[in-house]
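Letters are used for the chains, namely A, B, C and D, taken in the order the chains are written, and counting of residues starts over at 1 for each.
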Amino acid sequence: MGKAFGAVVSIIALVSAYFIVVHRWWLPVDISTTGPLIDHQFNETMVEAGILFIAAQLILGLFCWQYGDKPGRRVKEFPGGPKPVVAFGVIIVGLEILALSLVGSKAWAAIYMTPAPSDAIHIDVQAEQFAFFFRYPGPDGKFGKIHPELMNDGNGDYFGIDPMNDVAARDDIMVGTLTIPVNKPILLTLHSKDMIHDFYVPELRIQQDILPGLEIPIHFTATKVGRYEIACTQLCGLGHYEMRAFLEVLPQDKFDEWLKEQSGD
Amino acid sequence: MSESGAGAHAVIMEASPFGLQSKKLVIWLFIASDAITFGALLFGYSYLRLGSLDWSYPFEGSSILNGFIMTVILLTSSLTMLAAVMAAKRDNKGQCLRWIGFTILLGTIFAVLHLREWFHMFGEGWALYKNPLGGSPIFAAGFFGITGLHLLHVISGVIALSILAIRYNNGALDKTYVETTGLYWHFVDLVWMFVFPIVYLMNAAVR
Amino acid sequence: MHDAQPAVHHHTAPEGFIRKYVFSVDHKVIGLQYYGLALVAVFVGMVLSWLMRLHLGWATLAIPGLHLLSSAGAPGNVMTPEYYLSLMTMHGTIMVFFVLTNAPLAGFGNYFLPIQVGAADMAFPRMNMMSFWVTFTAFIVLMLSFFVGDGPPLSGWTAYATLSSVGGASGPGEATGQTFWAISIALFCIGQLLGSLNFISTTLDLRTKGMTLARLPLSTWAWFVTSCIGLLAFADLLPACILLILDRSFGTSFFNPAGMVLNGEVAKYSGGSPLLWQHLFWFFGHPEVYIAIIPAFGIVSHILAASARKPLLGGTRVLIGCMIALAFLSYVVWGHHMFLSGLNPFSAILFSVPTLIITIPATIAVLMWIGTVYGARLRFNTACLFCLGFISVFVSGGISGFFLAQPSIDIYLHATYFVVAHFHFVMAVAAIFGIFAGTYFWMPKMIGRMMNETLGKWHFWLTFVGVYCIFMPMHYLGLAGNVRRYAAFTDNFLVPLIPVHKFITIAALFTGAAQFIFLFNLFYTRFWGPKAPDNPWEATSLEWSTTSPPPFDNFGGRQMVVNHGAYEYGVEGPKDYIMQTDPVKVAGD
Amino acid sequence: MGLKHIIAVPALFLAGSSLLVLSAPPARPAGGIITGKVTYTGTPPKMHPIDMSKEPYCEKLHNPPDKTQTVVTGPGDTLEYVVVYISAGEKSMPPPTTGERFDQKGCMYIPHILAMQAGQDLKIYTDDPVAHNIHPEPRLNAEWNKSQPPGAPPIDVQWEKPEFIPVKCNIHPWMHGYFAVVATPHYAVTDADGNYKIVGVPPGTYTLTAWQEANSPISKQVTVTSGETKADFSFHVLPYAF
């Protein structure tokens, strides 16, 4: 029975590791300037944790294989007793923690604790059950003020702007796809109309909750042209799984074109 | 609840060489957990207060004065309770009962003053969810919520003391119960020492 | 047994069915009641997870009779998203509260803590009875939410505001179901608080002669530490639930900020913050994870020593140290659930460091167990196998903690199936393995009959391989960015992952089916199992010094006297173990 | 004659009379017809193109994209989707037994505005391969919110109280319409040319009300004869719908 257990545990450990090693299911290709930091941190952790995982399972398996209840054999104390084991645990794990948290904090700070570059393109994001909407300031470069009492999905006023009395609001562009130029810093202001939502783009390595009553800024720079998906990752109601938008990363010239025709209509 | 540990296990407890009194211990544990409950409420209240831009400071001098009187009364009741416990230690039943009586009286006065304050505020249009001054309604919710919970503790304390007085008098309960109930009463007093500055003094009307 | 103490009569065994089995003050009956409640709950929760898995694998599958189960609504017996979310909420709530908290702590704890300290009953038997019936009421209230309004709440077991705090405006199930949820959890808190008071004072006060703290079995230590956690954790969840009820039913807005637009109107709330709920909830929620797992620590250590026939590596002290360290750390890491919730980014770093430090005591505990296995004479009975399985799954689950503890990696993995895999392994499956181990080990004592080992081994192997087939692939899904709590997968980057979900679903169905072997074994044993001797496992602690099952006052009026530590195995002599009650000098006779 | 004849005679009579009743033609809706046109003055607001990019399936169906339907104008300054109904002056009547049908097609509501009498049956269908949720936002009636996966059977509803109920799909927030629940069987919704026609109105004097979702309603007195009565309405619209 002990041999069986040892074998099964080892097989499970190795099979589990195999799919990781061959990247059968893996992170999508990163398209952001800060993503490499995260990926590096991720791979570091994967190596260290992977070694610990395999080692622990195999050793457990080995011991179970060896130390069945053989008649006549006396039980053995672990060589050296507990002290070296405890010390080993503290040192190994301690060092790992130290390394990980030092490097990791750098990666985190680089994304969440640095201000957006001054030339960042400012886009306003409204999350509601169950969609994202995006607002560009338009030619005048100014956002209209938001009036919650005017928000109305029926007439397309997703942000509650008041063009009748608010001149800055008249040229605001409101769309359902986040369209941005490549290699340009983007600054999003996230706010929610009702529930807690979350702005998640796996390729951008960006995830941030959107809370009602708060305006949360987040900035990034996309490095690859393409069309990606924005998913909501904070349970927000029955349509949570359908809450999505698309991220369209365009070359600069295409983006300018798009912006022109949007403000045109 | 310490009551439910009554006679049932007296013998076993004496048989246990590690005999703290379970009654006293359990009261301490209850106090610890109750402190967390109040702590959570006070944390939430302060958290929201720090985050609010339109906080209102409604308490005029009269309310503050009233609060001070209530505080003094509660503190005094703690002293009388202490006297009761000491009398009980000396097995002086009569004196102990007299002091418990004083404590009950003071506790009741505290509750009455508190309720008077409440109804006065209701009269001004305050409610759990409403702030007539137009400021953040969280003040009202926090005030009535926290003082309400404390008032609940005071009233149940008064009831517990009355039961204690009767059953201690006819010998159904021994003196250890005077001590444990006293612990509870001091705790209620201590909580007020936090509640009073946080929900009264810090919301005094600034002129 | 040698020195005859004056018999201690505290209260006489009650007469009549009601006093004996229903409203009983006997900790053994209450322990069995808790265990039974958890057993019912776990099978309900498991069936719910089956339905969820079926829906995730085959989104348009019609499941006969689905509309009868809940008023969440299932047109043509096809599960709607709100139905799925309500199942998810109930699965989480039932499992975390009524299984992982009830069975290992309240169930086994109630039964064996007084026996292991050598007491005749809990310190406050009536309070003990009250705590069970309050918990029972909580369970009933929770079940009722299936049938009121439009079904159970859909806000998950974490019940995040504002989804949970604005009433029907936020979706079906939020009108009445969520209120039932909040009431149920509030009641559950009260039940647990009463239980904790009882456990702590029993451990400290009712220990018999010679039972020093150092001689307490690790299981008792685990229950003691866990109760200390629970005493404070549930005292924090209780007011949180009350505030939630106030928000929902009395118009306050503790959790609701101003300017929310609900049903096309600006809602009448102002001044609150949804983050407050998260703070209050996770200040309870993280300790709750340890409330679920630490009893399993104790149970597994307790059983492992008996099965390995040698003392635990490092004695009891190291593991006690680990459990206490975990208990303290559990209170300073709640923020790691909120890295991306809009807190000050700096707090993420503050919270991630203690979170990573938690891995140190956890690692040491694992090393101690593995070191105990070294050079042992393992008796591979089912209980032992489940202990070894526990170590394996606990390692698998703990390792993924390294990733999630780091804010920078959490940016990608937060709210993906990686998290689901992590907490199911480290908290759910590990704790369940602890419960199984305890069941196979202690059932002979609890019902006086030996469980069937063949069925038990089948149960173990199917479950062990099964859980790996279910939860290991979830890590891969997480790596691929599969968001959790989705009722169906319609995004382009999720559709290719559906085959993996199908595999998981099938694995879940098989593993779930294997649990019926256990259920059958349990019932068969209860009625037709062979009679159990007093000490079938040749174990040392006090519960094995009395009859199986123990008499009403546990030791038949005898006063136990303890002369030895809890785990003196592998000694020279005719028998390779010394019971705690054995005389100091082991005489030849 | 024998006893049986004495019984038989009234029996026959009864049978005959009942036959007569059965063969009698049903009462056809007598009464007048109200017709008219709804127009507007002022500059109509610019309707915005609906961005359906969230749901690629629907986005493909609407190319170029549909406009929002807050103020839909027709040729000759006419207004579509205006509900005209008798708001006062008649005694209450039971709702018709025939039900109304509300469709979800290509992530749009068809019709945009559905008028019905209080208590009348309403069936909500979906023809889309994508999931919708129907979330009416009444103030007087009971609120509900149900999702309708692809191929789900229709949802049956009745609205008890008269009310103009906004209805939306949270999954596709641009899907927005109205259930115009009125207390009378005499109502109509203007067509693309702003015309409406209410039939079967018993002669008499009534208050006729025109309701447009973005403007305050207009009422006027009309005296209905057995023939056709004309009643036109004109709204003054603002240059911005928001």
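By definition in this document, a residue touches a chain if its C-beta (ideal position, glycine included) is under 8 Å from a C-beta of that chain, and two chains touch if they have at least 3 such contacts.
Because the structure is a prediction, the values reported are computed rather than measured.
Common neighbours of chain A and chain B under the contact rule above are C. Closest to the middle of the protein, by Cα centroid, lies chain C.
Taking B-C and A-C together, the chain pair joined by more C-beta contacts is A-C. The distance from the centre of chain B to the centre of chain C, with each centre set as the mean of the Cα atoms, comes to 35 Å.
Remark: chain A and chain C have CA centroids separated by 30 Å (rounded to whole angstrom). Rounded to a whole number, the gap between the C-alpha centres of chain A and chain D is 47 angstrom. Chain geometry summary: the mean Cα position of chain B and that of chain D are 62 Å apart.
Multi-chain contact residues of chain A (touching two or more other chains): 128-129, 152-153, 237-239, 242, 244. Residues of chain D found to touch two or more other chains are 130-131, 133, 145, 147, 166, 168. Looking at which chains touch one another, you get A-C, A-D, B-C, C-D.
For chain A in complex with chain C, the residues that touch the partner chain are 1-2, 5, 8-9, 12, 16, 19-20, 24-28, 37-38, 41-42, 45-46, 48-49, 52-53, 56-57, 59-60, 63-64, 67-70, 73-78, 81-82, 85-86, 88-90, 92-94, 96-97, 100-101, 104-105, 107-109, 111-113, 128-129, 148-149, 151-153, 160, 193-196, 198, 200, 202, 205-209, 211-214, 216, 229, 231-242, 244. Those residues of chain B that touch chain C in the complex are listed here as 1, 4-5, 8-13, 15-22, 25-26, 29-30, 32-34, 36-37, 39-41, 43-44, 47-48, 51-52, 54, 128-129, 136-138, 141, 145. If you check the complex, the residues on chain D that touch chain A are 48-54, 68-70, 130-131, 133, 145, 147, 166, 168, 170-174, 176, 213-214, 238-242. If you check the complex, the residues on chain C that touch chain A are 80-82, 85, 154-156, 160-163, 166, 169-172, 256-262, 264, 266, 272-275, 308-310, 313-315, 318, 340-342, 345-346, 348-349, 352-353, 356-357, 359-360, 363-364, 366-368, 370-380, 385, 388, 391-392, 395-396, 399-400, 402-403, 406-409, 411-412, 414-416, 457, 461, 464-465, 468, 472, 475-477, 479-481, 483-493, 497, 500, 569-570. Within the complex formed with chain C, the chain D residues making contact are 130-131, 133, 137, 143-153, 155, 166, 168.
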